[in-house]
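Below is the structure I would like to discuss, written out as structure tokens.
We call the chains A, B, C, D and E, going by the order they appear; numbering starts again at 1 in every chain.
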């Protein structure tokens, strides 16, 4: 999984019909210290995540292992909101 | 999913027969500000996308979760046409 | 899918028995203008492609969606020979 | 699979319910000499790994081939604790 | 698939029980000329490969399409030992 920060939303009205009701969020990937990287991904929001929240995203077929995304053409999903993480005993992020 | 802009078409007459009728589009990936990157992908068009349109693409096995691409040797699909997206409250693209 | 040019062949006699009869080709990936990149992949040839031909390759589980590659330990397949492609109205490659 | 070192933990209370009880660890990828790289991944811990241990991680759908991760939205799993590895006859790491 | 050279072995006693008996090899990826790259992968050995041999590796779910790796948390497999390959009519490697 990747750590990322929700930074925006993507709106689409013309899409595969099975995608109706799924919110697509722009997630900026962060490094282990919580700093922004130049990479981002568009992720299906299975958690009701808000802009600014740190999340975990799962990619590939694993992104379809939620009731919201099952059997849908979605290759990335937010499956957890992050409360905190630490590296080497040092807290790098707290919600 | 990735954000990209449709920039061209790929024509192939000699191909796996199950691919007949699928349009292959050249999609230039863009960054979160909508600017072209140097990366591109050839994507199966499940949406009737036109050149110049911003789209969302799904990769891997997720690319086969549309009626057009199911069970076909296709690893990338356009599954949505993008209307608009915003980052940090700022609109980065509007159709 | 990726655009690439067939540049060589890989020969293996000691391999998983289900791979007997599958030709492995070396495919140099090209950019949107058809120029060689430094990346290449070894691809199973489902199309009878020849050296010098431009092809489309599918990766991952999608590479197993041909009768030749089904259920086999193959993660890349040539599923189309490219006739032509164009970007922004300009032809970038013609067979 | 990738070689990596467990360097931290990620805590999430709001997550897909099927993820309850799965520990998420921060794994720093290492090179063939065992040195840290700048890449890391968040991995589901199927082994009871501890911080500082060298591990093997499996990605993608393969990450769901453990009883802990099966059918869950998890794309990376720690499936082995590494005792030692050697390159060219030289031991690069010993637990 | 990728071309790589077996350069070492990884030993793990504490691992998912379904992995018992699978040998994990360190494979250094090579370029089209057979030269070492800085990338490597840990691969399950389905072929009885030896250190120094050039091999083909398959990644992702395709790595589970051998009797040794089926349904196991393994995302890379050696499925062929390479005898020779050539690029543009020039032999780049012979066993």
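Going forward, a contact is a pair of C-beta atoms (placed from the backbone, for glycine too) under 8 Å apart; a residue touches a chain by one contact, two chains touch by 3 or more.
From a predicted model like this one, the values you see are computed outputs, not experimental measurements.
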Note to self: Going by the touch criterion stated earlier, list every chain that contacts subunit A and also contacts subunit C.
What the structure shows: B
Next item on the list: Give the rotation angle, in degrees and rounded to the nearest 5, that superposes the C-alpha atoms of subunit A onto those of its identical copy subunit D.
Entry: 70
Check: In terms of residue numbering, is the interface formed by subunit C and subunit E classified as same (over half shared) or different (under half shared)?
Finding: different
Checklist line | Distance from the mean Cα position of subunit E to that of subunit D, given in whole angstrom | finding: 20
Check: Using CA atom averages as chain centres, what separation in Å is found between subunit C and subunit D?
Finding: 32
Check: Which subunit E residues sit where two or more other chains touch them?
Finding: 60-61, 63
Next item on the list: May I ask you to sort the chain touch graph into line, ring, star, complete or other?
Entry: ring
Item checked: Successive chains along the ring, subunit A then subunit B then the rest -> A, B, C, E, D
Item checked: Contact set on subunit E toward subunit D in their complex -> 7-16, 18-19, 24, 26, 28, 38, 40-44, 51, 60-61, 63-64, 71-76
Next item on the list: Please give the residue numbers of subunit B that touch subunit A in the complex, ascending.
Entry: 1-3, 31-32, 46-47, 56, 58-66, 69, 77, 79-88, 92
